[in-house]
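Please read the structure below before turning to the comments.
By written order: A, B and C. Residues from 1 in each chain.
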Amino acid sequence: MAGKAATTSTTYSPSPTTLKTKAPIFNEDWVRPDGRGFHQCRPAFFRTGAVNAASGSAYAEFGNTKVIVSVFGPRESKKAMMYSDIGRLNCNVSFTTFSTPLRGQGLDNKEYTAMLHKALEGSIMLETFPKTTVDVFALVLESGGSDLPVVISCASLALADAGIMMYDLIASVSVSCLGKNLVIDPILEEESSQDGSLMITCMPSRYEITQLTVTGDWSTPKINEGMQLCLDACAKLAKIMRSCLKEAALGSQE
Amino acid sequence: MEVDRPDGRSPSQLRPLSCSRGILNRAHGSASWTQGETKVLAAVYGPKAGTRKNENPEKACIEVIWKPKTGQIGKLERESEMVLKKSLESICIRSMYPNTTTSVIIQVVHDDGALLPCAINAACAALVDAGIPLKHLAVAICCSVADSGDVLLDPNKLEEEKMKAFAYLVFPNACVSVLPGGSLQVGKEPMEHGIITSVTHGAMSVDDYLHCLERGRAASAKMSEFLRRSLQPQLSADPSKAG
Amino acid sequence: MVLPNASEDLSTEMEVDAFRRLFPLRYYECHLVESIRPDGRALARARDTTIALGAVASASGSALVKIGSTTMLAAIKMEVMTPTMESPDEGCIAIDFHMPPICSPIVRPGRPAEVAPVVSKQLSDTISSSGMVDLKELSLVSGKAAWMAFLDIYCLDADGAVFDAALLSATAALSHLQIPAVSMNDDGKIVLMSEEDGERLAQEPVNKEKRKLALRSIPFSLTCILYKNYILADPTAEEESIMETQVTIVLDSSSQLISFYKPGGSVLAYTPAIQDCVALTRQRVKELQSILDEANSAMEVE
């Protein structure tokens, strides 16, 4: 193990000979690298029941972003935990070593873990499973941009698959601000050159937001425009998630 | 059978064995086991109350902690720990003290080949010293296969590097029964012919492996005899068990 | 008239389920006397196995393997290293096996599974002792640069026979591996070659074309459970937890024994049982070899 760690530091991945010139994003005729319209999301694919060993699970694929979420429980809380009238939610997000273009360490992502917890907490009826814990574990198989929104939507679907009581499904979408343009559901390349990003996590049928994060440089009208874009996209996304659940239910009936 | 060994042993000759028990004061049971230059110290603590998570609380549990001679514990040591734990659990009567954990600490004093078998033998002697109830004893042996297909027993480090493959085998020690009917038989084979544990490294043919088994069995009888002898004196000193 | 019937059906069903949970061993014994397993398999039969190559777009080689519901995702990332003084013409393969918390209720974040490093070690041992990859093939410039192949295997769903699935995904990923075309620049660094560079030929190409490794004998494995006189091939997680004695045999395509691994267990293995297990593994090797060949030829067609 020690020997391997020493060798890792001395290796490098071969870089391309010609460095790509940065895309001229301020031009009027700039097109997105994958040819999408600015307000067009990547095709979303969801499947529930991806992991048999879990109480509920879901797999999500948005372009190159691929995520698996498993839900365990409600099960016994850790021994050190105090008595609690309501249930607990425990989250974890980690990446595979091969998820990013450069090989990573495959460690837990503390920031995403905290964000996932906050995003889901508001939608779950914690009082329905007192004294116990529901574990939501996510693994990003491949990171292709907009990882956190995909993880959150996928986690909500996995919770539904596990039969955990929720007020509504949660859908999450982000937009990036690139110069004058707002692009929805950005890919990795766009995220790396963005000026600011905005992510909304909401319960579309209740029209309630559970989490809103804004980073970077935004003007008020831009924020309004971005939020409206996200909310519309969330509503559409929730429909896709709902139909995925219905299909799974029909499939199990047959 | 014409393989020359650097130390002039014959292919199936083991290195000199020695075993001493009760060498550590604070441990509930301890033993050291030496095979030639390879020496391992084992200490047993327990049984202590409770088992770790994911262990069956209806049975006694064994935990193995491997201490290498120098440096930190790596994947190799983790594998050794796992093999030791599973092997020891299979010789213990685990239904006797449910929901307890017995710790076995293995300290490598010197590694000159056949380290894992040496550690298993040491642990087994230490378990007896601690008075942990066992179904039977176990003896471990290392068989190595040369490029020519010859089997050499109990290789030292130098020989291990030259071999194409080797197998660590653990056999049960035959019970000397006072009951009529003699030793236990499973089907046509005597009980001590079955293997408890097998770990191999390197590529060999299936026949080579079966050959190893055969030679290992023959040698294990000798080792069983030695293990029994070195554990005996203290038992006969105990008046309740004398005769 | 329909209702009472339905409830009766339910009650008998409940009883079987309760029996299974309360007396798992008796439940299995009832099946074993009939030479069948609760999932409908014969004792010697392995679960359905599938291999999908190229599942990870950002990796040079990857494979998704399913044995029953046990799922493994393996991917290889190629990096450049300076070879060691002892073997200047050889590259290196670093294998790591991960059990993330998603794969099993036993694994929790921050407390990695005990078996993960052990399986990791066994995979490295198996692949190196089978000699399937000639490390010289991973050399770029003698003494200066060589490939370091990082082979990471993730268990996505653990439902028994974890080692078998991990080994299959590792070998499948290696068979799918495409070594990228690279050249050495003026600073002695290895850089990727794009198509325009090939025309310019400003740099001396070290590896002109994308190429595959020439794999020698490929190792395949089968895990069996020994219980009394029964041998159960390819156990599920439930079977592994009820009947503890496991034997894992690795044979390569030329029938060499790469590993015979039996870590303890209350059932002793006698020669006839050992030979039966080896025979089962021989059959399984043929099966897996053809599944892997099929997956590879399907890739070529595309």
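Methods note: a residue touches a chain if its C-beta (ideal position, glycine included) is under 8 Å from a C-beta of that chain, and two chains touch if they have at least 3 such contacts.
Predicted model only: the values in this text are computed from it and were never measured.
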item	value
Innermost chain by mean C-alpha position	C
Taking each chain's C-alpha mean as its centre, the one farthest from chain B	A
Rounded Å distance, chain A centre to chain C centre (Cα mean)	29
Whole-Å gap separating chain A and chain B, where each centre is the average of the chain's CA atoms	51
Junction residues of chain B - those touching two or more other chains	75
Complex contacts: residues of chain C adjacent to chain B	106, 114-115, 117-118, 120-122, 124-125, 129-131, 245, 247, 251-252, 255-266, 268-272, 274-275, 278
Residues of chain B that touch chain C when the two form their complex	54, 75-76, 78-79, 82-83, 85-90, 165, 167, 170, 172, 186-187, 189, 191, 193-206, 208-210, 213
Chain C partner contacts - residues on chain A that touch it in the complex	4, 7-8, 10-18, 50-54, 57, 64, 68-70, 72, 75, 92, 94, 96-101, 103, 106, 108, 135, 137-139, 141-142
Contact set on chain C toward chain A in their complex	56-59, 62, 69, 71, 73, 75, 77-82, 92, 94, 96, 98, 100-105, 108-110, 148, 150, 152, 154, 156-159, 180, 182-183, 185, 189-194, 196-197, 203, 237
